[in-house]
Amino acid sequence: MNKIINDYRILEIKEIISETDTIKTFIFDWEMEGNRIPKPGQFVMVWSFLRKKDEKPMSISKIDENNNQIAITLKNVGEFTNDLHNLTVGDKLGIRGPYGNGFEMEGDNILAIGGGVGMAPISCFVDQATDNGSNVDIVSASVTKNELLFLDRMKNSGANIFTCTDDGTCGFEGFATHRTIDLLESRSYDMAVVCGPEIMMKEIFNILEAKQIPAQYSMERYMKCAMGVCGQCCVDNTGWRICVEGPIFSTEDLKKITEFGKYHRDASGIKETF
Amino acid sequence: MNKIINDYRILEIKEIISETDTIKTFIFDWEMEGNRIPKPGQFVMVWSFLRKKDEKPMSISKIDENNNQIAITLKNVGEFTNDLHNLTVGDKLGIRGPYGNGFEMEGDNILAIGGGVGMAPISCFVDQATDNGSNVDIVSASVTKNELLFLDRMKNSGANIFTCTDDGTCGFEGFATHRTIDLLESRSYDMAVVCGPEIMMKEIFNILEAKQIPAQYSMERYMKCAMGVCGQCCVDNTGWRICVEGPIFSTEDLKKITEFGKYHRDASGIKETF
Amino acid sequence: MLKTRISGIEFENPLILAAGIMGSTAASMNWILDSGASGVVTKSFSKEPNKGYKNPTTVEVEGGIINAIGLSNPGVSNFKNELKLIKRNRKGTTQENGDKGIDSKIAIGKEISDKIAIASVYGSTPEEFADVVLEVHDLVDMIELNISCPHAMGGCGAAIGQDPNLTYEVVKAAKKLSHVPIIAKLTPNVTDIVEIANSAKNAGADALTLINSLGPGMKIEINTGIPILSNKFGGMSGPAIKPIAVKCVFDVYESCDIPIIGVGGIRDYKDVVEFLYAGSSAVEIGTSIMYEGPKIFSNINNELKNFMVENNFNSIDEIIGFAHKD
Amino acid sequence: MLKTRISGIEFENPLILAAGIMGSTAASMNWILDSGASGVVTKSFSKEPNKGYKNPTTVEVEGGIINAIGLSNPGVSNFKNELKLIKRNRKGTTQENGDKGIDSKIAIGKEISDKIAIASVYGSTPEEFADVVLEVHDLVDMIELNISCPHAMGGCGAAIGQDPNLTYEVVKAAKKLSHVPIIAKLTPNVTDIVEIANSAKNAGADALTLINSLGPGMKIEINTGIPILSNKFGGMSGPAIKPIAVKCVFDVYESCDIPIIGVGGIRDYKDVVEFLYAGSSAVEIGTSIMYEGPKIFSNINNELKNFMVENNFNSIDEIIGFAHKD
């Protein structure tokens, strides 16, 4: 019988980093112990109880085993994230997890593709891969220069960074897809990891498939229990639970997820197309 | 948090030995594992569900770790034991336990005193002590020769047996107390273990106390839960639970049990004097 | 060997997915069916869409979880599209789920029994129930009336099932129109569940599901003093509620002669046997999927078969109600 | 720092022995008091002696136990002798229990607060309750009316506490005569516990104890198909019932303004805090003695003090009802 981690840790926010105008990173002390030690790609459930109460899944954006800290990185996109953006150091959040399956390392030449705040789990994986001595090329994409995430940290990791912005203010002018197609003309990879808006991931999926590069993608769906019972985050046509069988899916898995890139379901279960 | 053993094992009676006209031994297969391995002096709760349903505590009378068997030995003294005496090999009983604290080995020269069916836990302890190479003298007492328990087994163990019967049909004519006084004139012991009718134990207690021989006594009280919650088996004046702090008590402990040799309580809690 | 029948409907084994667990999409229910369940109960749905409560909606407690999802569902017109996709006819068909859990060796290429789809519906009035029943009764094999959710809003759920008269009215309205058998799912959170069971029976219920989640209960976070669930309280499910569910089944079996589906805390074959002994004709499994995933169904079916062989039971019927022989 | 008050009576800390657990003799209750409890509730007793049910009377289940002891007791005239021996006045006195469990360093030779003795009484009619109250109210500090035992025979226990009118009559009869405060102990096994709480309050109850054991539940032995308890079913207690007990306390606190003693599944200081947050003024501890023995009381008192220091609580009063602030 698996032990589900479902007790909240009420944690003080130790540090807040304003990454961009709309993105902040929150750092917490975290006991690195047993199945509490997160893997890149896993997520935590974040319970905000101070103002409007709510709870959402958040990818872990940094795992610092030396200093016993983890971080989450949020873009201010709605009521919940706005509430969190108004917190200050010393405020508390309830955190449970980590949940889900995480990325699997396969080979030494790695392409990591992150769009916007999708860089959160990607950067975690890059830290691990570069620590292991792998060669990592990162395609880091955003709308504009100021929105590119973790540039210094990624540089320091030893990875090669290929930025691209919609407005050309940093690196390549254009989308992550174009940047990836460019890279693949001259380079080859053992594996790729991808996180970003689902429409972007779908296009990247087609590109990587054409080149036969095995890839892993981080999926997001509305979540309630995060323990694999409520069924809220199940995807068509396999029924897999994003919170247990996901959030990371391989190319082969993703081929069976027929709703990938097409639609997701809201809190009531109504389908919303992307 | 202690793990209480409280799941029944439904066990087939593997063998029934008619020890005397009124006493039978029932043998069961028993998985010797972790805290399921009994110590001499411990008891099990025996649930009879075939005829009139009831459940009583019974001392373990044999622990056979080689053959993974235990035995209980019952005198037919009432409705419950009569029901059990009518069972045959292949019939089933529910057994849970073992419970309680068991005897503690202290020293190499041991006096073991058993009155009637009180030989059950004593014989278990004698097996252990002789296996350890201790010198064991047994005072085995009963009303008449045919009621003396485990004579062959005890002889084979290497212990010295001093029988006594009320009617003189075997060994010394008289009570266990007299036999013990006799023995103590010429011998000394590091410890004694005692089980029998409480009136007998009380007298033995006085004899051993006078000689300053540390002793351990097996107590019996009406029992319900055997898990230390119901309070049914608590004794005056300490409140100790026979099922948890007992059933074995040292001389020092027993001095604090003011009801020892005087009274016990029935199922409703009413005191009955011995 | 594992076959059982409820109101004339045959189940290939006694294990059914409980309402509210992985029952929001046809895809997840088909996965459960491929994993060995003989039937599925959908997540409860209503006439109109409902987003349910804000998170947290579920929290672990000793021996299980408490939840207050709040009956979220996309409404009957959206949900009908899911119902149509439940694979009830299984002759030679299966779904490939690869290494994520389905025991494909069992399912692929074999003749497989039909599976049973049960719609769980709710509303606040007999009319609402009737409307939803009419919309879906041609798409499913049975309908389970949720008159027992302990965290429902506005007169739904236990507000009905805690009142014998409302229970009667709702069951009667549903039964009158339905082409398929009607099951009433009851709450244990009443003074006398037998009274409610008989109300449901007298109104025409074909079967009963016992029990919905217990309590409700609450968990207050120790450092903050705040009840964790956004709804403050929620229904308790999981292994710890089993003794109470078994007792409800036992009592209702003695006093109310329609088939019972037992549910509450089932985690292994022993729990299933206990519910059968108490008088259930089948069981529903929900929360324990949290511990083992969908493969719990095939695991229990295998264990159950072994148990029956070892104990000389030839059919599920021989086990049902066994604890009442005395 | 740990002091709390209920109906004008001061408890040195909020931990009280629950009825039915190690409460059959003054000796065991004195051991519990020596182990750190501020008070004890006796095992329930009645006018006449009662042997209770045959064994098995207790069986373990997931998250606790179910029991049907059947209110065994020696009758009030015998039990008065035990009541007289409970050491309520503790100035400089103590009992020596050696290495069997009491932390004698704490107790010996110190000025020690008085301890609170609470008699739990039961009967089948208001008159029986009144008779027993009259016999014992000069021997104890408070009286707890057991109108909630889920396995009582002949109109006792929950047969009263599941009916608002009977609850009212019994509480009224006891309150009218008693020299000491009257506590009504309620069952959770009702459709609406708030209704019963208000009946008790309207009849003059000084305080409420919430909750008696849950269910009842049953466990059927898997190899034999036989319900294990001789009474077939029994009340469930232990850690798993805590969420339901906390919810009962929370609800009654909001709707009924007399003090509440919380009970159900308490195993550590966190559980105590949760009950205080929900609105209990004190708590009773029972089944968890199975896991830790009497030292659970001093252990929890120490943990509770640490918790209060770390969280800047100066008194138990500051914690009581904290979860209702929003």
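Chains here go by letter, A, B, C and D, matching the order in which they are written, and residues are numbered from 1 within each.
To be clear about the criterion, a residue touches a chain if its C-beta (ideal position, glycine included) is under 8 Å from a C-beta of that chain, and two chains touch if they have at least 3 such contacts.
What you are looking at is a predicted structure, and each value in this text was computed from that prediction instead of being measured.
Minimum number of contact steps separating chain A from chain D: 2.
Relative to chain C, the most remote chain by averaged C-alpha coordinates is B. Distance from the chain B centre to the chain D centre is 35 Å, each centre being the mean of its Cα atoms.
Separating the centre of chain A from that of chain B, both taken as means of CA atoms, is a distance of 66 Å. Multi-chain contact residues of chain A, defined as those touching 2 or more other chains: none present.
Annotation for chain D: residues touching 2 or more other chains are 223, 226. Here, these are the chain pairs in contact: A-C, B-D, C-D. Of all residues in chain C, those touching chain D in their complex are 61-64, 66, 162, 189-191, 214-220, 222-223, 225-227, 232-233, 236, 239-244, 246-247, 250, 265, 270, 273-274, 277-278, 311, 322-323, 325. Chain B makes touch with chain D in their complex at residues 1-2, 4, 6-8, 10, 45, 47, 49, 53-56, 92, 94, 223-232, 234-241, 244-245, 252-253, 256, 265-271.
The touching residues of chain D, counted against chain B in their complex, run 20-32, 43, 49-52, 54-60, 65, 67, 69, 72-75, 78-79, 95-98, 100-101, 221, 223-224, 226, 228, 230, 267, 286-287, 289-293.
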